[in-house]
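Next come two complexes, and both contain chain A; in the first it sits with chain B, in the second with chain C.
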Partner chain A sequence: MKMKKSSTVILTIVAIVIAVYTLFPFFLVLLNSTKKATDIVANPVSFAGSSISQLMENINKVVTNSNFNFWAAFGTSAVITVVSLALLALFGGMAAWVICRNKTKWSTVIYMTFIASMIIPFQVVMLALISTFRDVGNFIGIKMLQSIPGIVFAYCGFGGAMTVFILTGFIKGIPYELEEAAAIDGCSPEGTFFRIIFPLLKPVITTVTILNGMWIWNDYLLPSLMLGQNGPVKTLPVAVQAFVGSYVKQWDLILTAALLAILPMIILFIFAQKQIINGMVEGAIK
Partner chain B sequence: MVLSARFHFISWRKVYYMNKNTASQKMLSIILLVLGVVALGVAIVLDMQHSDAGYRGFLLILGAILVLAGLYFFPTIEHHRAIINFIFLFPLLFTFVITVIVPMALGIFYSFTDWNGVKMNNFVGFENYASMFKDPAFIWSIVLTFLFVVVNMILVNVIAFLLALMCTTKMKGVDFFRAAYFLPNLIGGIVLGYIWQFVFSNVLIKFTASAFGMRNSLLATSRSAFFAIIVVYLWQYAGYIMLIYITGLTTIPKDVLEASAIDGANATTTLFKIKIPMIASTITICTFLTLTSAFKQFDVNMALTNGTGSVKFLGKTLSNGTQMLALNIYNTAITKNNYALGQAKAVLFFIILACVSIIQVRISNSKEVEM
Partner chain C sequence: MASISFKNVTKMYEGAKTAVVPNLNLEIADKEFIILVGPSGCGKSTTLRMIAGLETITSGELYIGDRLVNNIPPKDRDIAMVFQNYALYPHMTVYNNIAFGLQLRKVDKAEIDRRVHEAAKILDLDHLLQRKPKQLSGGQRQRVALGRAMVRDPAVFLLDEPLSNLDAKLRTSMRSEITRLHRRLDTTFVYVTHDQTEAMTMGDRIVVMKDGIIQQYDTPQVLYDTPDNLFVAGFIGSPQMNFLDAQIEEKGGKLYAVVEGEGTSRILIPDAKVNALKPYVGKTVILGVRPEHFMADEKLTADNGLRVKVDFRELLGAEYNLYVFSGENKVIVKMPSTEKLPEGEEITIAVNTPLMHFFDKETEKAIVH
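Right after this comes the complex of A and B.
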């Protein structure tokens, strides 16, 4: 019994040390956002020179900076993420239901193509993607590059495979009798989907939304290529990259920018910790 | 409650069949279809003439929606299901084809040409593929990526598994530790790359200078910078993999563990003879995840070192000491504007990734069966 107690203490100490390692960078970002550049360089781990008013000043500098344009970038990121997630959930659910409930040659081919495409790294498609979007956009007269609709379209395409994969697995487990009963009662197929299947998908759509949301919100490469590093529309990661590029080693501004960029995610995590953790794990296991 | 639900369905059925059979619905469907086809036709003709009309894009989308709506209202009972299937599949499949299938096919095609990102003039056969193997910088990137993948796969999985074991004990504050270890995974690679750049070049350097007299940041030389990337990657990824291992460990039935305890198995025996074999499928998932994500590592690499650092390799001094494959492809195409070569490298990258992941899944599956 005594042996057990001491080992628990050691384990707790180890756990705390590791937690310090994982949380220390966050602490440093927060601490140094409240200091002047000279104080940061002098001693990044001391509280000397840190004050709330300095934090406000730093935030003000970053937010009003024309290179960063925080609110515009935040708004762009939010719109792109929310619209893409909503469309992915709706279209993904519709496609997964059709694939799952129609065992024809075509639906199998489509499903297999989705699965196989999940291994394609973004690097293989990115160069031709840009030229395809440019050509298609010029041809049909709708701007596909440097525009929010274009990037939402791309996210629907890239997120589609995984969404369909996870949703199909879930729909397979829904008893077919439910749909038969609806059909006997005279429900149309589209009514069956929207009134019966789609409401049942709620838990798995939460999973898919969390997985896709983490990816879309944090994604850098796709928006940097499609929107351009210095284009009129920027997402938050692209804006941070552009901002850091123009203020090399100005750590007070860079760290405040980083703080503003990670804050939304951390606030979300504090409120929806359980759902996020479950979503990330379930998405990986399926 | 049940009764009202049934009534609801019955009234719905009435509406459904009434709609199906009225002549007005037929008219509606035909009008929508005709309008849609006309709108589509006009839009495509305008497109063909490279017209300046700003409304042609709107017309095209309107036409497509009208055609779909016309199909939806088409008065048929036996084909209605097929029409719905088509309408339901169309949006996702369409975006998927335009963003993945078409660029993939074009990309493979372009890798055999002198494509410059906008247009191509000649076929060059395997010239792009031949020239990239003559470039020591590219070979170095391949070697470095493999090294990174192997080191990471082992480190991330071992550490994550140990963390998972720790977080499934009856220690106090387990929930806090889980959340704390997972937290770094929430941040995008670019931002965390800059945060760690600050940690390495401004914070850690103070400690190492006073403790070991090391005045250079970890990012200063290629070798230590590679180590730094691994530290950051571990920081970002181990917590996530740990969560998956925790889920695997908690699904082990309690009675199996109790039985082994009664049979007198100690902690080590339980771990190696029961826990690890029982979570073999979880290990497969985790190794697959770490393998593919380490291979595709881009954001951290770019933000932390941007691939710089000198290294001696194949008798040459290279300046891309920490540049991994994904970043090499990006720099070749975007920075150096050599699209065809970058695309050829990307195709090779895809082939390597596909082969490695298939081999990994095969090996793990055979191990799982053995257990």
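Right after this comes the complex of A and C.
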């Protein structure tokens, strides 16, 4: 009994340390977005100069800044994230279903290719990616760089492997008899996917949507390469660059813009917390 | 019309060396309740799935009614199927589960509603229509699966071990419900099970299968009274038939089955069986006696006794199963619980000789019943 109690205390301490370690950067962003640039530079962990009115002033400056163009960047980020997530869920689900149910030598090879692609770091492919996208864009006549369709296509590729991997594991647990029952009831293969399989994927799609969503929304490197720092289309993390000059960094505005950028994710987490955790647990055991 | 006809049907899986179902010929009449029974891996489920169109046919022809259905997809075969694990759509309510097939066939909404409520009423599901499958018990889920098949009004009803996930009590009650359903729907039922009790109690005719080959296809009574071979004799009946090696001896113009076990037991073979067994005089055959075909002490005569050693008994209420040994052979004897047969002692029990079965030891085929 005593041992159990002491191990609980140790676990609690470890959990607190991890929580502090994880939340500290967020705390710094939150704290310093309520301060003036001079106060931030003087001492970034001090509460001196911090006030709600300063936060409001900073927000106002960020939102109305013509270089930053907050609402356009927000809209671009939202469109890219939502469309990428929808396509990932749809095509990831289809691919996982076919890989699971059509057991051939080729389906195994394709599945293994998906898995293998997960271990290749993005930095290895990023330069080749840009030139390939430029060439492909020129070839098919659709602008792939500095365009929303181009980056959505890239996200579908980079997110596809993990999506297929997680969904395949889940689909394996769905009894095949459901599909046979649907076939007898009169469903076509497409009908079986959309009417039976896809609705059953809801919990695990929630999980992959959260994982992919956080990554796509917050991603800086891929959009900065594909959309460019000065291109016509910018996501929120790329647009924050507007406050970074060669000689002057407007830390108050940078951090306030960062706060505004992560806010939708935090709000989403607060409202969908229960479903996210359910989805993760269900995905893990099925 | 929904008769089913297998003509030289073979099913072989890709890469396999032997066929799961080799050259099957089977005629199922319209409105019949047929049971496919046999041990695991005997090909009964594969046969059912071929009717459903869920398995392709390697060679041969399969007809439903007059229509060759080899290449017709499941949805166009006018069949409905109940699966062992129910296969209810978890994200749909009971109502939508039952209505799904009709909705896909674009049946009028009012008609769907009428049929769903009618099926729900018959299956006592009317108060559960808005629930999801996970909120139902095993028996209720099974009834939803039946309802889903019923509303389609199919020409053939296929059931793949539908009761094996239920507890013993529920299985007994569902058994009678399915039999009643067959009478009400008056359509062809093909039912797969490995449980011989279900086979005996439900079917008009039973197909006993082993290694993909039909061992016997007849009514439950015929299968019980006159099994074609050792496998059918052992499979039908519970507890199963006892088998003992017996030498056929002729003495004074009469034939005897001589069993060497606890000493030598000499059992007189009734006149009706003598002709069939004459060619076996001096040879060893297999004597089959059902546990219920042993008799109480007062019926014991000098010519019908089998000497055995009592091992233990299992009380079932009105009767008990007596486990005895005849030499090294285990024998089960059914006796009324009023009979007092002491455990551990050697006794002689009476055999109901007109009900003895004899099988050829080499071919395992029945010689005479």
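Here, the second predicted complex is superposed on the first by the 210 of 286 C-alpha atoms of A that agree within 3 Å, B and C clash if a C-alpha of one lies under 4 Å from a C-alpha of the other, contacts with A are read in each partner's own complex, and residues count from 1 in each chain.
Just so it is clear, a contact is a pair of C-beta atoms (placed from the backbone, for glycine too) under 8 Å apart; a residue touches a chain by one contact, two chains touch by 3 or more.
None of these values were measured; they are calculated from a predicted model.
In the superposition on chain A, contact of A:Ser46 is made with neither chain B nor chain C.
After overlaying the two complexes on the shared chain, residue contacts for A:Pro175 are found with chain C alone; chain B is out of touch.
One of chain B and chain C touches more residues of chain A, and that partner is B. Applying the stated contact rule after C-alpha superposition, one finds that A:Gln123 touches chain B and leaves chain C untouched.
Of the two partner chains, neither chain B nor chain C is touched by A:Asn230.
Once the two complexes are overlaid on the shared chain, A:Leu200 sits against chain C while remaining clear of chain B. Once chain A of one complex is fitted onto chain A of the other, the partner contacts of A:Thr108 are absent, as it touches neither chain B nor chain C. Residue overlap on chain A between the chain B contacts of one complex and the chain C contacts of the other covers 182, 185-187, 191.
Contact residues on chain B toward chain A in their complex (touch as defined above): 6, 9-10, 12-14, 16-17, 43, 46-47, 51, 53-54, 56-57, 60-61, 72, 80-81, 84-85, 88-89, 91-93, 95-104, 106-108, 110, 117-118, 163, 166-167, 169-173, 176-192, 194-196, 198-199, 202-203, 206, 235, 239-240, 243-244, 247, 282, 285, 289, 292, 295-296, 298-299, 303, 326, 329-330, 333-334, 339, 342-343, 346-347, 349-350, 353-354, 357. Against chain B, in their complex, chain A makes its touches with residues 8, 11-12, 14-15, 18-19, 21-26, 28-29, 32, 40-41, 43-45, 87, 91-92, 94-95, 97-99, 102, 110, 113-114, 117, 119-132, 136, 139-142, 153-154, 156-158, 160-161, 163-164, 182, 185-191, 193, 214, 217-221, 225, 237, 240-241, 244, 251, 254-255, 258, 261-262, 265-266, 269, 273, 276-277, 280-281, 284-285.
For chain A in complex with chain C, the touching residues are 175, 177-178, 180-187, 191, 196, 199-200, 202. Chain C meets chain A in the complex at residues 52-54, 73-75, 79-81, 83-85, 87, 89-91, 100-101, 104-105, 148, 152.
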